[in-house]
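Following are the structures in question.
Next come two complexes built around chain A: one with chain B, the other with chain C.
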Partner chain A sequence: MMTMTWWQNFPPFMIVAPLMCAAVCSVLKAKAARAVMLVLSALECCCMGVLLYFTQTRNLSFTFAMGEIGAPFGNELRVGAVEALVGLLFSLVMFLSLLGGWKQLEDDIAPNRMNLYGAVFCLLTAAMTAMTFTNDLFTAYVFIEISTIAACALILSRNMGWNMLAAARYMIMNLLGSGLFLLGLSMLYCLTGHLLFPQLGAAVRALAAENRYDMPLYLSFLLMTMGVAIKSALYPFHTWLPGAYSTSTAASSAILSSVVSKMYIFLLVKVFLRAAGVDVFTRRIEDVLFLYAFVGVIMGSVHAIRQRHMMRMIAYSSVAQIGYIFLGIALGTQAGFAAAVFHILAHSSAKSMLFLAGNRLQSAADGHDTFPALQGAAKKAPLAAFAFLIGALSLVGVPLLGGFASKVYLSQAAVALGGWRMVLVLADLLISTALNVGYLLRCALRLYRPTEKEETEHNPKTKDAPFAFAMGVLIVMNLGLGVFGGPVLRWIQQGIAIFM
Partner chain B sequence: MNRKKRDAFAPFLNWLENGGNALDAEMQDALREHDPKEALPEKTKKAKKKAVPAQKDKAREERARKAYADSWWYRLLAVVTAVTLIWLLMEAVLQMPKFGAADTLIDSELTEFYVEHTKEETGAMNIVTGIILDYRGFDTLGESHVLFIAVCTVLLMLSIYGERDEESRLKRWEEERHYEPEHDVILQSAARLLTPLILIFGLYIIVNGHLSPGGGFSGGAVLGAGLILYQNAFGYEKIERFFTYKTFRWVSVCSLLFYSLAKGYHFFTGANHLDSHIPIGTPGNILSGGLLLPLNFVVGCVVACTMYALFTMFRKGEF
Partner chain C sequence: MLSQVYSHLDELTAVALFGIGFTLLLLDKNLMKKIIGFSMMDSGIYLFLASYGYIESRLAPIYAEDVSESSAYVNPLPAGLVLTGIVVGVSVTAVMLGLTIRLYERYHSLDIDEIAEKIRREGK
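Let's look at the complex of A and B:
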């Protein structure tokens, strides 16, 4: 057994440090707590970057035993290029959301509870990192619990009447999801006697080869899939989403929409690829998932079109985008999984930008986010409007932007598979793109349309450097994912290839 | 034009997802009502609304009733889904290996390893403690933080949605303290007798966690129950001589910090195969098991604090 090189010691540090920060945050003053949040998330980004650099250039993955005795008896973390890439994006989005929502954070959260918000944010960071890196199904569940409660706190931290309602709905639906996941995982443990992904995968394949316990194994994977589908708002389970995303403070809604729901999906990708083995049990589940995702892509957009409030519209468009990701997973091929992971990246960077910019536009329109009120808001907040436009274009799928690349990869994966799935995926992409244009661009154009009466008193443009920086980086990220989509996809494919 | 399109979709969506849609419509109504821009064009409407709020409520009630009546198939579907799930789970349980049978675990490598090695490797006589604090210590680290985040979230929620202004909050607080049953002789005598015993028993469970059944979680729960009993019998003033909100915060923060640091050190030395310099001692002695004893103690503190905090937070008086 060799010892670890210096950078291989990062992963446990990246989980333990946020946990400690959370404890410290809870007794700090508001200002200090905010500083801790910012420094911590910046640190996470740097560590993720280092991990990505080393795993990518050496094309390797490594496991880190949490304790003296490693697999299969203790906990383990595993880091490869995919984990590092997804983790980097998540931590970057968290950092930028914090920066972009910095000002609203001051307004929305009273100083006497900023320390609690900070603690919750740090714990969410820890949960995000742990869930991305974990090589152990039960550890994943523990951090699902943390992230569920943390997300709930993020929603209700803003003092606005219906936040409580939104948080309650979030809690009920998500606890149901966690419960189903736990049920599936305990059944799986009972059948195989393992919790670590590699051993679990081997045991499942052995059982499947002998055709033993066919039905319970199938059911356990089905339960886990259902749990994740509820927690990440796949179409018929989406009812908690619009309220939760549209009412919370800017940083919260950006983090919730781009990190929290996506990390469950990434976990599901890991479960499918590493614990189930792509073809053994997931085939039948994928057919069902495919139909849900297919309907979800369209229905999410239909809902989004019907909204009168911009924030709710953005929230509903998430339902459609989650549908895309599940479409990729449901294709069941490696290309499909790679497209799904790519769409996680593309959607996270676009959606966080939309929420941050949307929130800023809303405050530019005196706190209203109905479309008539937003007319001409681009004049008052030009940067936010530009970022909104870029995000909308990316989601619609305009070339050179992340959303376009991910739609291309998804359709490539579908074409490679052929059959009825190909037809449905292509039809879905077509319909949904048309609908996306319908609501996103309509809203973006509205922002740029001049108001009838010229406003005499002009809001003095306040300089907000953190927001400008966050928007700049997010725009660059969207462009980067679009232009360098090929190499990024190759990294993902390489990483997925050494997943098993 | 938009309005027309929306109306065309509405019946279809109502049919498709009635329950969720009804809730959603309710929320949108709330949003719309609070949006002055929407109400602004019709000033008369605003005036009317103020004059006859009852009519508005009636309309909403009517709509809710209608939505409920329309959603019959939605509820039917819910029942069917639940019954199907129950049936599937029953079926799966029947097909699963029998509990305690020889071939319970297809691969019983793990269990055998734990039974054989826990004592010598971790120094724990109680295998469960050895597993949860050493082999799977990472999970338990997460689990303790679940308790912590639960308290944080409840505090956050109550600080927002409790009392709106400081004055009425303080008034309520005073009232709550005033009406405490401070002279309940039966309760007080019983508590006087029981509290020390309960606290000592809790400590015993924690300290012996690595030797006998028990440990931080169960012992901490007993400690917390002792504190709650004492608080109920003697009121806040007595308990605040040794346990205040400040104590709670600092005890739980220090415990969690120590826990994270100790586990971090353990992960680091373990994965790098370094000598951790923590003696395991003779299994069976009270001072043995390396980090297990302090970790159990720390977990006990966190659990006791959480129990007591959750109890007091949901009373009106807070800490």
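Let's look at the complex of A and C:
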């Protein structure tokens, strides 16, 4: 048993602390609950930062065996550079979404319900941390369900008919997804007798070498992949997404779009790389996944162009971006997985900013988010419009921004692979970039176009320091991912190389 | 053929339950039936796990004084997984039921399409 240093004890506390905070939050007053949310997410960021610093500089990963019980009965957490990096980004986005949506939170949620929102936020933090760190397939399933319930409550944060319908649709599709995931993992467990990733990977490799249980193993991985695809809204399983993302309060939309759907994909990356181990099974799945992702990238954008409401447009653009991530996974090479993880980071930081800024622009346009109503909104909310522009440019893929870097890495991974996949990926990138310009930039430019009629009453500019701070950090994150994309990608590659 | 069916009765039942539940949850318009479908789907999986976890003529995983070798007991883990799964399923069902009650109180319908239509007409 390796001796543990102080920072290696962080991971379990980072899961237990939010769970306890959730329990405490539910009996607090509104103000205290908001303070708990803020402090908790800030602390998570700091812990993730410490973990990233140590795992990155020493290029190591470590497992934390709960209660020091080993396989096959134990439960483990594993932290390496990739987990810490993805976890850091997720917790940072959650913290900033909270700050950026701070004012809407006060408007949308009655004071006597704020404690419940806090509880749900803490639960989601726990689920995010656990899913990022866990080394155990069944623990992952349990936290998938916890995050499903928490996300449903986040959608319900505004008490309107649309939200309730969106939440019901969200639950239905997500329960189908987690049902498939559970069936897949049960089959895998019956075949191998293991739930911890390293032992599971070894058992799968041994079975594959003997060519036994070929079909059941393939089927179980396929079921898990389908489950995750539904839960992360890969086209054509995206039907629940637009309503869920576009109707809730600003902080909820930002968190749902950039953290909740991405953590399932990160889990899938872990399953593919660590549990499947060999590409005997995943290769065949990847072909199917590739097709869906290819169609999804284009269809997501086509749907987005046809929207007449800005928030729904941003939501549909998520479908296209999820397609990019799955495209990277479907390449099946280490470079492809690295590009996919990088795009998780780039998209999370751009999309949360778009949702927060979009929500602010919507309230500047008196609550309307049709494009004519938004014309000239930049004058009333200059910072939000600027952030929206940066986010749109990043998703379109303008150099120096995160979205550009991830498109470069994705095409590099495809070129390295060659063959028909390369042609399709490059064609996909080309078409979707053109489509992205069509809707995102059109919308951004509309914000800056002056209105015909003279503004009669100029509502006094309200200072909103938390929002300004959140936008500032998110803009810096987008720029950072674009400018320092190379080092970040190398961290991811190093982390993935020691995944096994 | 028939003997094969008989020897795999548990799995076949589990798969049938899963299929029926999945179809109900996906295709039925009635929210209550959807919830019932979810319960059936989950029960199918629990049956699958539980039937694989039990090996005939082995003891329950509770230590008995006179039996010391571990091969005499069944693996306790599958039962643990099923129990955890049941707990998860109950909480999810509770959330779904709560949501359904709220939708019903407001729109006096359990049909999800009808509810969507009413919300659209309401315009908010």
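Please note the rule applied: the second predicted complex is superposed on the first by the 496 of 500 C-alpha atoms of A that agree within 3 Å, B and C clash if a C-alpha of one lies under 4 Å from a C-alpha of the other, contacts with A are read in each partner's own complex, and residues count from 1 in each chain.
Assume contacts are C-beta pairs under 8 Å (C-beta built on N, C-alpha and C of every residue); 3 or more make two chains touch, one makes a residue touch a chain.
The model shown is predicted, which means the values in this text are computed figures rather than measured ones.
Contact with chain C, but none with chain B, is seen for A:176 once the two complexes are overlaid on the shared chain. Once the two complexes are overlaid on the shared chain, A:469 sits clear of chain B and of chain C alike. By the document's definition of touching, both partners, chain B and chain C, reach A:73. Of the two partner chains placed around the shared chain by superposition, neither chain B nor chain C is touched by A:53. Looking at the shared chain after the overlay, A:168 reaches chain C, while chain B stays out of its contact range. Contacts of A:386 after superposition: neither chain B nor chain C is touched.
Once the two complexes are laid over each other on the shared chain, residue contacts for A:116 go to chain B alone; chain C is not touched. In the superposition on chain A, A:190 makes contact with both chain B and chain C. For chain A, the partner that touches more of its residues is B, with chain B and chain C as the two candidates. Residues 72-73, 138, 142, 145, 149, 152-153, 156, 161-162, 164-165, 167, 169, 183, 187, 190, 193 of chain A lie in contact with chain B in one complex and with chain C in the other. Taken together, the chain B residues at the contact with chain A in this complex read 5-6, 9-10, 13, 16-17, 19-20, 23-24, 27-28, 30-32, 34-38, 88-89, 91-92, 95-97, 104-111, 113-114, 117, 121, 134-139, 141-143, 145-146, 148-150, 152-153, 155-157, 159-161, 249-250, 252-253, 256-257, 260-261, 263-264, 266-274, 276. Residue ranges on chain A touching chain B, taken from their complex, read 1, 3-4, 9, 12-13, 16, 19-20, 22-24, 26-27, 64-70, 72-75, 110, 112-113, 116-117, 119-120, 123, 126, 130, 136, 138-139, 142-143, 145-146, 149-150, 152-153, 156-157, 159, 161-162, 164-167, 169, 183, 187, 190-194, 199, 203, 206-207, 212-213, 215-216, 219-220, 236, 238-239, 242-243, 299, 302-303, 305-306, 308-309, 312, 368, 370, 372-373. Listed in rising order, the residues of chain A touching chain C in the complex are 72-73, 138, 141-142, 145, 148-149, 152-153, 156, 160-162, 164-165, 167-169, 171-172, 175-176, 179, 182-183, 186-187, 189-190, 193, 195. Residue ranges on chain C touching chain A, taken from their complex, read 18, 21-22, 25-26, 31, 34, 38, 41-42, 44-45, 48-49, 52, 75, 77-78, 81, 84-85, 88, 91-92, 95-96, 99-100, 102-103, 106-107, 112, 115-116, 118-119, 122, 124.
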